[in-house]
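Each structure below appears as structure tokens.
You will see chain A twice below: alongside chain B first, and alongside chain C after that.
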Partner chain A sequence: MKKVVLNGTLAVLVIAGCSEQTAQQEIDLNQEWSTFEEQAKGTEVNLYMWGGSDSINQYFDNWVIPRVEETYDITLNRVPVTDTKEILTQVLDEKTAGKNEGSIDIMWINGENFKTAKDNELLGKPFSDKLPNVQNFVDLEVPQIASDFGIPVENLQAPWGTAQFVMTYDEARSDYPKSLADLEDWVQQYPGKFTYPALPDFTGSAFVRHVIYQEVGSEVFFEEALMEREEVEELLEPAWTYLNAIEPYLWREGETYPESLARLDQLFANGEVDFTMAYDPIKAAAEVQNGRFPETTRNFIWDEGTLSNTHYLAIPYNSPNPQGALVVINELLSAEAQAAKMDPANWGDLPVVELAKLSEEEQQLFSAIDLGEATVPIREMEQNRLPEIPSIYVEWIEESWLEHVAQE
Partner chain B sequence: MRSLRVPYSVLILLCFLFVIPFIPALLASLGGVWRFPLVIPEGWSFRAWEAVFRENSGTLSAIWTSLWIALCVTVINVLVSVPAAYALVRGNLRYRAAIEAILLAPIFVPALAVVMGIHLTFLRLGLTETVLGVVLVHLAPSMPYVIRAAMISFETMNRETEQAAQLLGAGPWSRFLFVILPHLRAGLVAGVTLSMLISLSQYSVTLLIGGGQVVTLPILLFPYISGGDTSIGSAYTLVFSAVALLLVISLDVALRGHYKKKGRSRV
Partner chain C sequence: MSMWRRNKYALFVLPAFLLTITLFFGGLADGLLKSFGYFPAIGQDTLRLSFYQQALAERAFQDSLFLNLRVALLSTIFASILGITLALVLYAFQLRSKRPWLLRLLQLPLTIPHLAAGYFMVLVFSQSGLMARLAYAVGWIDAPAEFPVIVNDAFGWGMVVTYAWKEAPFVALLLYPVLARIGSGWYDTARIYGARPWNYISTILLPAIRPALLTASLIVFVYTLTAFEVPYLLGVTYPATLPVYAYQLYTSGNFEDRSQALAIFWLLTVVTLLFGWIAYRFYRKSYDRGWE
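Then we have the complex of A and B:
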């Protein structure tokens, strides 16, 4: 017992001795790109990200990590977290304690978390426009990239992947409405065959935003000065009129809504309703593959386009290795890495690089990937994207839906 | 130790209560597709287990880190708690109730409520992202249980035995080793086990103080069970339970066996 105690204290002391801090070096982002690659050689980069998906984790462990090791001699550590907020808490505490050399080099964020990071000045210098692969392949001016749920990105984070809303139906069972205006007629023709998840379900809420875009328009939500709650409530009325008009023709005559997307998927799989939806364009193909959805399942998007949001990679202000972070993020935006990320065998996440900007050879990488028959062709999705509105409005919409649609 | 005769039916019931929660976890970890109306999953796959024990999954090193931290925590706990409990029970302390309340406070105050302050302090001291920092922060939720267990042992021990040993010429050390410690045995086994298990199961404080650089088993497990991949979450849960169970059994055998032998030859 005594020996163990001694060893324990010794080890503990040794470990404590190693945790000295060094001051963070200032980094000039206007240097030649090759100097960053040079400086990053042989260094370690810590990437903190949500770790709940095995396919995402595997994309890193089997593809990205070996690649940056081979190409740049960088050791990339993937640190899994349960909730991205935990990462921000850590940086925020480090900032409060004045720790100028943190441990996080790259973090995977968007939306609400980006807002928190930006408001608290947890991010380093604007960098995304300095990355060669962004300059070559990504259009930073596109609305759904330039603003992250209504918050101007200002190059503080680099776009990395895209999610897009899609509708799903079964080709063998029914036809589909091309637009929300068509949907109004369609539900009257086939009562009981359509519904959407009750808000605040994430996907149900996105469906309702499409109705709002159609009935109200989206421009007013992007004006720089935020609206007051009452103004928004007033604006939303036409959308509630639309939803209340279709309500009697919905599943169970609209008396109740499925409580979650999982439940709606269930109803679709059992043939109780003809449609489901997802904020993930490749999910349907995966569900066909695992046998949950029928072979004849197909996705479609509204003629007016569907909502799309971008997820980003950011560098905290106190990153111990910003050069390494830049090199890794740039590599994650290469055609090869983006194509590998899109492959459902790895992850199945849509790219942010624009296919038209790639060389023919690089485009080949993308067209070679089998996204499954259920998936809408990627070019078609790319051309029909709508940006997300500021997240504060999303909250109000969800509360207002409960009052005006669910309870009436 | 003479054990009470427990009817077999009760034993079987207890086994059932213990085993039943693991059945869904096992099924989920092996299941291909498992949705609502199905009672058992459709098709079998070892995908989750492969993910847990893949070469670069880090599971094994996380198990060792967890055990090492739990061991350090427990050793410190015992070294601090036994004297503390002795003083609380035997010493004529002023404000005894107040001291006891402070020592046991972490049971009632959730760790997360204080961990933000601890994190800031540890950041200033350079203790974050170190095993030492994680060990220190695990002491807070576990120490009260060890103190409590040791106190109960002291309370049930009469002072005469100690005085008899003293009269027969035993110094403080031999009194402690040969009279007090054997009596503490049962209580310490309980305290040590609790301390190990509490340390093993810490997630949020480990993540915050360890800064993601100290990877214990819960750090790998939690992302999968909350909203992630439930198959892998289940597989990790079973690994976690197996580690905890093996630890408890081996501790029990080691500590009880050790003192049983000693008890027979010395007293």
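Then we have the complex of A and C:
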């Protein structure tokens, strides 16, 4: 920690001393890629990221940092923050102070924070399409990558990893509905065995968005012009009809809902309900491993697909070492780095590179990883992803659910 | 030197004092301003009452208030009855000059946080909890859903039961010192005049503890009215008690709702202050009056 702080301070001093160094907005992104690698040699790159997870931190300290040091002679400093908003506040402060040589080269963001960064013009030039590994392995056009919670990404940040919603059941105990339409029949056949966390719980809210996609469709939410609240309220009605129709057949006859995902997990573990859910496809396997969920626990996804969101790496407009940032981000999108990231022993985060685009040996790296029997095969998840809607709608949905489903 | 000695204690408490002032009163003041619509961060700087009006007009508020009053009132009644009983048992032990191990036992629940007490109820009394498992093992029930709904019930019994056992020792420990001051001599005297134990309790003991009981039950009432963790764990999704409802509003992400949530919090704060003041007055009165 101390070392990181010290390095940060040194970097600032060095930068202050030689302001003629190229700022990001001045570099020509259309140069030969090897030029960047050449220029980045022997430099330092400051990566600011949320530091609240031991496994993520270890992935960096034990795998990424040694690797970029060896391969590119780049010293990567991982600067942990407790809340990603702090990173944006810092860049914003630098911008307000007119500091064109900042202190951050890479920041890990998505959703709301990306919106803030974009709205306040804290990001540099569009760059992600220039990275060789993106060109080779990533499809920037797929909706859940091209838009970040409804905000067009426009290559201002490079996709790095994926989270996807999954349903969980116990194959020894029950069968499972293949779709939300099936679920409607299923709950009537087995009353009291299904429920979802009360909104505004994050996962419960995601479950309800699936119902909305099914009953309302998703296209309207992605139209460029945002809708007014009244319009959205009106649109949502079929979804509330669906949820109120299944309510009498839910756990405790829908009189109450589990207040959190943790409580739903507990109900599932105790056999009180037959399903739980997660916005984390590897969690069920982990719960089996630590003995909380039965061995026969399995994940499944709806036939229509499940919600997925992407997290990204961005370069601030005033990065002191944009070449270094480009090289590091590119390396983080290599098959090796993405595979290591997916390994539950390191982090367990889904890759953003498409397996079909990789070479035979590279694919081997992924298939060698044991994600646990509970986990849906990566390929299957990959082919069934739905994009997230703009976050402003998510808020309205949560409030509207309380009024139209919980109160009714 | 003596100046230093006199002032050094003030100096020692200064950090704690400053922290309390800034965090506690600062937070209260900030909440008060926002509840009146003063919220410069979102460009609002005119004071107005509309958030209080809005909050009171919501059906969700009224339903919450109704549930809240019911739970608080029932909890207070049960906790008081249990508390009086416990205090009398303690007094009976004292008459027989037993060692106060029971007193120690009663202090135990006081050390358990309400969050833990609430979670304990979930673990033991939910439909897949310890009791349901026992019932299943004995063959009384065949499925979790057959076990009676004790926690997360719409009426609020789960909360009432939790508060009853959690607050009863608190009531007892507030009443017992009053009883302890009534020596065994009073009982002997009463017996000489032909009083049966029940007469002694109803004409001597209960009137003696009445002021302390009032203080204790006021505290329990206002606590159960405004506490968050037990209703959060043991309540139902709708209606939620006022503190949980206000929390939902506050975290909903909409800034307008925040002002409304803070208006509810401030109403609760005012009620707390009012009851606190009344409880204090009663306590002082009973204390000042002494034993004439």
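Just so it is clear, the second predicted complex is superposed on the first by the 383 of 408 C-alpha atoms of A that agree within 3 Å, B and C clash if a C-alpha of one lies under 4 Å from a C-alpha of the other, contacts with A are read in each partner's own complex, and residues count from 1 in each chain.
Methods note: a contact is a pair of C-beta atoms (placed from the backbone, for glycine too) under 8 Å apart; a residue touches a chain by one contact, two chains touch by 3 or more.
Every value quoted in this text rests on a predicted model; they were computed, and no experiment measured them.
S.K.: Which partner chains sit in contact with A:Glu395 here, chain B, chain C, both or neither? Use first/second/both/neither.
M.R.: second
S.K.: Using the touch criterion from the header, give the chain among chain B and chain C with more contacted residues in chain A.
M.R.: On the superposition, B touches more of the residues of chain A.
S.K.: By the touch definition at the top of the document, which applies to A:Pro80: first (chain B), second (chain C), both, or neither?
M.R.: Once the two structures are laid over each other on A, A:Pro80 reaches chain B alone.
S.K.: Applying the touch criterion given at the start, work out whether A:Gly291 contacts chain B, chain C, both or neither, answering first, second, both or neither.
M.R.: first
S.K.: Where does A:Asp61 make contact in the superposed view: on chain B (first), on chain C (second), on both, or on neither?
M.R.: Touch status of A:Asp61: first partner only.
S.K.: Considering only the touch criterion stated at the top, classify A:Thr89 as touching first (chain B), second (chain C), both, or neither.
M.R.: first
S.K.: Which partner does A:Ala97 reach: the first (chain B), the second (chain C), both, or neither?
M.R.: In the superposed model, A:Ala97 contacts chain B only, not chain C.
S.K.: Where does A:Gly52 make contact in the superposed view: on chain B (first), on chain C (second), on both, or on neither?
M.R.: first
S.K.: Which holds for A:Phe137: it touches chain B only (first), chain C only (second), both, or neither?
M.R.: Neither partner.
S.K.: Can you name the residues of chain C that touch chain A in the complex?
M.R.: 59-60, 126-128, 144-145, 149, 152-154, 232-233, 235-239, 248, 251-254, 257
S.K.: Can you check the complex and tell me which residues of chain B touch chain A?
M.R.: Contact set of chain B toward chain A: 32-33, 35-36, 42, 47, 51, 54, 56-57, 71-72, 75-76, 79, 116, 119-120, 123-124, 126-132, 135, 203-204, 207-208, 211-213, 215, 219-220, 222-224, 226-229, 232.
S.K.: Using the touch rule from the top, collect the residues of chain A that touch chain C in their complex.
M.R.: Chain A residues touching chain C: 192, 198, 200, 252, 255-257, 259, 267, 270-272, 395, 398-399, 402-403, 406-407.
S.K.: Given the complex with chain B, which residues does chain A contribute to the contact?
M.R.: 4-5, 8, 11-13, 15-16, 18-21, 46, 48, 50-54, 58, 61-62, 65, 79-83, 86-87, 89-90, 93-94, 96-99, 103-104, 266, 269, 290-292
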